[in-house]
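Labels run A, B, C and D following the written order; every chain starts at residue 1.
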Amino acid sequence: MPKPKVAFYWCASCGGCEETVVDLAEDILGVVEKVDIVLWPVAMDFKYKDVAALADGALFATLLNGAIRTSEQEELAALLRRKSRYLIAYGACAQLGGIPALANQFSREQVLRFNYEDAPSVVNPDHTRPQVHFEEAGRTPHLPEFRHVVRALDQVVDVDFYIPGCPPTPNLTRAAFEALLSGNLPPKGSVLAPDVALCEECARKASKPTNVAFTEFKRPHQALWDSGQCFLAQGLVCMGPATRRGCGAACPQGNMPCTGCFGPTSRVRDQGAKMLSSLSANVAARDEEGIRRILDGLPDPVGTFYRYGLAKSLLRRKVNLPTGSNGH
Amino acid sequence: MKATRDEVRIGFYVCHCGHNIAALVDCPAVARYVGTLPGVVLSRDYKYMCSDPGQELIQQDIREHRLNRVVVASCSPLLHEHTFRSAVEAGGLNPFYFHMVNIREHDSWVHTDRILATEKAKALARAAIERVAHHKPLEIKKVPIHPDVLVVGGGIAGIHAALTLANAGKKVYLVEREPSIGGHMARFDKTFPTLDCAACILTPKMSEVGSHPNITLWTYSEVVKVDGYVGNYTVQVKRKARYIHEDLCTGCQDCIANCVYKEPKFADEFNEGLGKRKPVFIPFPQATPQVVLIDPEVCLNFKRNKNPDGTPVVSDKCKKTCVEACGERGAIDFTQKDELREIRVGTIIVCTGFQTFDARRVPAYGYGIYPNVYTALEIERLVNASGPTGGEVVLRGPKNPDGTPRKPRSIGIIHCVGSRDKKTNLWCSRVCCMYSMKLAHLLKEHTGAEIYNFYIDIRTPGKGYEEFYNKLLEEGTHFIRGRVGEVTDWAMTPEEEGKLVIRVEDTLAGVVRRIPVDMVVLATGLEPRADAAEVRRLFNMSCGGDGWFLERHPKLAPVNTFTDGVFLAGCCQGPKDIPDTVAQAGAAAAEALALIDRGYVEQEPNTAHILDNECSGCKSCIPLCPYTAILFDETRQKAYINEALCKGCGTCVGSCPSGSIVQNLFEDEEIFSEIRGVLAYD
Amino acid sequence: MKYAYFPGCSLKGTGRAYEESLLPVLRHLGVEVQEIEDWNCCGATAYMAVDEGKACAAAARNLALAERTGLRQMLAPCSACYLVLNKAQHYLNEYPAMRRVVTRALDSVGLQCRGDTAVRHPLDVLLHDVGLDAIKQKVTRPLTGLKVAPYYGCQIVRPYATFDDQANPESMDKLLAALGATVVRWPLKTKCCGGSLTGTLPEAGLRLSYILLKEALKRGADVIATVCPLCQFNLDSYHAKIAARWEPVRIPTVYFSQLMGLAFGLPAEQTVLHRGMVPLRFEPAPAAHA
Amino acid sequence: MTKEWSPRIVAFFCNWCTYTAADLAGVSRLKYAPNVRIIRLMCSGRVDPQFILDALARGADGVLIGGCHPGDCHYVEGNYKMLRRFTLLRRMLADLGIEPERVRLEWISAAEGEKVKRVINEMTEQLKALGPLGLPRKFAEWDREVIALAREVQDREAAAGPCPERPLTPEPQEAVHA
């Protein structure tokens, strides 16, 4: 029986999810024994036609990481979907839109103007911009379309499973492979991680009081944080209560609060709204003025509560931005 | 597992409610529309769903069409949800596989456009159809009722309620803030319309309360905290220090006789300050319990300054002749402190009464400026044989040449003082016309003076009231119809010299009149007590715009409140006379007895529970519960809810960051589906 | 505190004594006033009855001028002006139709009126902003022995008596007591003095003045203290006619500010007692202790 | 949309106060705009911000939450919790481009039927001035760019024939990774 073919691909990605596959260290050998990695752009050369040449469903599984921002990424996602038996959204960007999706707070024009004109390091007096089609010397090179909206993978193609994390931890990847190879998989659309919040495996849980009442909120740079006490008890926002566990509370161990990269549990439709609800309900003040003063400690609610999940939030995007149809 | 779409067999009924709904909502169209929705196997419109045939129709359909869900679109669930649930149960289906749609109070009665109202009805119905598919079978929870009852307030309402319950064999705690029970009624001389003496009909009931084995009487005490829920209230009562041991004092009043103060010197609250009392005193002769108390504000054995926490400081400077007089009974104890007592009861009856309108708030009538302007309550004390003047109605100010106090030869009684007035209280206080006429009769009897009653409308709504009014007319009382403008001592003519002139527009005669009188009586109205807001929050009650405690339904549930197990009686719910107060007291007692005898109360099974294997133990929900129903299990490192304490508000469910708490009947899925439904605009 | 000062016609005419005595008293107490530039007649109660729109526009013009000074508080000593300015501002805020009429009128002269200035009465300012203690300190010649009947008139207590009770005002009583005078209890303190009837229907108007004067004397008052130029005029200048028709009831009527000047020991040209038809002859002795 | 647009408001009313006040408005036959559709919850504290976002995402132009006056909550403090959530949610919605008037919190006691009418009429007028939020339509517009591409790819392949061997696109240059 020939070894099942596996593909890794990356779209709007920072490369972290590629890194984490390598972090499997020697376990990667165990993986390589059982599967045949046929596509891994960061590690191996590849051509479109090689992928296109594959028969539909020839790939046993594709782990696709990174959000979808350009037309080429959409094409590859669609192609790999057709070629793979299991298409897996690997990492927060593919699952929820990730950090790139924070750009959904800005229009395409704002993004392009900043990057190609207003950024301090840019000198572009005649406002040149990358063109999708360009005629020159008989040749018409073209670039992928830069979409107005950043999307998660399942907003473009049908996805079988999700592996959360920014990046997913090695043991999560290993468990995913074992599940795929052994065939005992949860129902389609499941997230391959425990369905309980992070606090369950966080060492600081014991120090969180049962009567937390926030009198103020501070941000990481504003104080030296006790390395044993629950961050929320110290008045620092930690997304742990609203985020899946599975990472072994890596950030809290590194004395940094959880920022919510594993996404919500299956019972929650909007991770940001849920954390907002839980956090604000426990604010100490009862009068409007007092409440406002305490909440001033959260200057950027969207960035705090939707750091990874804006694309998959119920509103998906800042609603009054110009839409794709009228082009600008 | 949630019932998937195909297993759900929904029966939908839209009610015409006669014309109430059908007048604006096209019921057949709604029925047709809902008939097309997935899961709906039966969709009817019917004239009166809440009628017996309507309910039988449901039961029949359940059996015939094997329905496992029922939705009725008619009036407010607060009105008939219970009726239809019972019908569904009678049809053999779990009553919670039912959901109700309000298309009357929230649709046909409040809108005018037929098309839009019908469209709204369709959407609301669709919301219910989508919601009911997610409903789960639930069981009504039965909560045992503690048989003891707390009655708050010892006026005639509290007394009657306590006696009714005690005579039914229930154990009653009667808590009264004043040193004695009796309330306002104990201060009245006679009562209208029969003119029987207030003390004669009240004192026997008071002593019956004082000696009843089933009644624990705590006077000079206040409720400070109420916890728990219907059937299981824990109440903390603060017993203020009397500096007298109640069980040792026999009421002989030797201590009063031997007090260092030979003569009573201090204003006596019971007589509205007209009489005087000593630092050690008994409020009034028939006080129950027959026990004295010491006022630390004026007793020489106490310092004038207070401890930081407000409690009096014993100076021990007095010869304490009172202690000597008490002798071996040793009832006096200056070291007594306020004490907190805790009791467990199943039901509570609140009858905290009213306060009279402060006449100073209408300076035009001169109360507090002219000495011979009295309030009605002051007159009740003056004409009372046990009052400060032994029933003699005399004028303040200059005496007769022979030194005897002057008697009034003409008296003006002004109705509606503070009532029916935009600047003060808008409502009619219901009793002032009757007690003004009673006082007119008594004053005539005591002084033979000419009596003038100034009224806007004479209101005699009770039994024998109109006859009493005719009796007053026959006695020659002058009734002048007009809102009195002013009481002044400015005399325009010689016969007005030295008198109080009442200026009024006599609307029947059509002329402004000046009527000089010796004495003016202000029939002040009734208003909620100054601390009504704190008291009602103790018992989780709300109040109407006017400040009176709010009953569950003005017509159909006048003694119930929105909190199960807490009942109202008497004037705390609105101005009323003694017959209505006693009737309400009886009704409240009956409501309490009904709960106690049934032994349990049904609680809506909408409590919340935490999904055990999904809770991360993040403790975010624990501080949210005002009933401390959410606890943290240290061993399993997870939170759990004590469903006996949970009241089903759902606040923790809305906040749980990992969605691990579920509220029966209001699950997230059910509400999301309802949102989807109401936003269906075809 | 600084106030935009609106004197009104009377304080420059028959009621001159009111302004002549009030301004030095206010200065003496450290209260700054700035007379409004180019103020116009407020229309008093008469004009309101003739044409409400024009009257309101005339009054609103003064409000607009006051707003232009940037001072949030406006001082209107004369009772009629106090009533009309408050009423105009009340109409502006309550009735959009009136607001439109006034706005159009003021636009034509380049003015606009927000209608949010606080129109204050001197009694209100003296009691609540200056305070009785500060006034007591300034009393060098207490009016001991002087029995005064406080007369408020009808316009400052109704309907805009925000600073005192409508039926039984006591702010002037307290002020006079602070000056050392004995305040006579007098139930007619807010009854009508006859107003303009003394000119139009003397039979009715004079009788009302007579009633006030008679009762004041009967109560043992030496002088009536008033706040309104029209009341002062009515009570002070018809003694001959009243004596002819009823009986002589000679008692002086002065402005409360004149008594304040007296108690503060201000010079005669600042208490202008000579302006009264029935002059007040009272020399308060300097207080024993300074 | 054949009919002229009129604001769609989803209301979450607490059972004890605002829902009862709405019943009272009905019993008193007060007339008000039909734009609100009421969902009954036991307490305003049960209103999960997810409900508000979901309602907006499904086409509501405004969301109205009704609770008991502070101090009157049947469950003692539920309304305070809602006030806290509402204060932060409104800020976040403003950052996401949703005008504050679209989500409103009102304290309405069981005796204030009149206030239910006033608030609903007032909110309807405000939203009429603001215009529709219409998120479903916006979502569809945003996604048009993806659907357009999918169709373009299918057409190209259909034109290229069934043989899977044919390369996906004309000789592409080296794909530039974003």
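Everything below uses one rule, namely that contacts are C-beta pairs under 8 Å (C-beta built on N, C-alpha and C of every residue); 3 or more make two chains touch, one makes a residue touch a chain.
Not measured: the values here are computed from a predicted model.
Novice: Chains in contact with subunit A and with subunit B: which ones?
Specialist: Chains in contact with subunit A as well as subunit B: D.
Novice: Computing the C-alpha centre of each chain, which chain sits at the greatest distance from subunit C?
Specialist: Farthest from subunit C by mean C-alpha position: A.
Novice: Which chain is the middle one, judged by CA centres?
Specialist: Ranked by how close its C-alpha centre lies to the overall one, first comes B.
Novice: Between subunit C and subunit D, what is the separation of their C-alpha centroids in Å?
Specialist: Roughly 60 Å separates the two chain centres.
Novice: Return the distance between the CA-based centres of subunit B and subunit D, expressed in whole Å.
Specialist: 40
Novice: Using the average of all C-alpha atoms in each chain as its centre, how far is it in Å between subunit A and subunit C?
Specialist: Inter-chain centre distance comes to 76 Å.
Novice: Roughly how many whole angstrom separate the Cα centroids of subunit A and subunit D?
Specialist: Distance between chain centres, rounded to whole Å: 26 Å.
Novice: Of all residues in subunit A, which are in touch with two or more distinct other chains?
Specialist: 268-269, 274, 277, 281
Novice: Touching two or more other chains, which residues of subunit C qualify?
Specialist: In subunit C, no residue touches at least two other chains, as defined above.
Novice: Of all residues in subunit D, which are in touch with two or more distinct other chains?
Specialist: Touching at least two other chains: 45, 48, 50, 54, 81, 85.
Novice: Let me make sure I understand the interfaces: which chain pairs count as touching?
Specialist: In this structure, the chains touch in these pairs: A-B, A-D, B-C, B-D.
Novice: Which of the residues in subunit B end up touching subunit D in this complex?
Specialist: Those residues of subunit B that touch subunit D are 76-79, 102, 104-107, 109-113, 116-117, 120, 123-124, 127, 533, 537, 540, 542, 544-545, 550, 562-563, 606, 624, 626-627, 647-651, 653-655, 663, 666, 668, 671-672, 674-676, 678-679, 681.
Novice: Would you tell me which residues of subunit B are touching subunit C in their complex?
Specialist: 362-364, 369, 486, 488-490, 492
Novice: Write out the stretch or stretches of subunit B touching subunit A in their complex.
Specialist: 611, 613-624, 632, 637, 651, 654-660, 668, 672
Novice: Would you tell me which residues of subunit A are touching subunit B in their complex?
Specialist: Interface residues on the subunit A side: 195-200, 205, 208-213, 240-242, 245, 264-265, 267-269, 274-275, 277-278, 281-282.
Novice: What does subunit C use to touch subunit B in their complex?
Specialist: So the residues of subunit C in touch with subunit B come to 165-168, 187-188, 211, 215.
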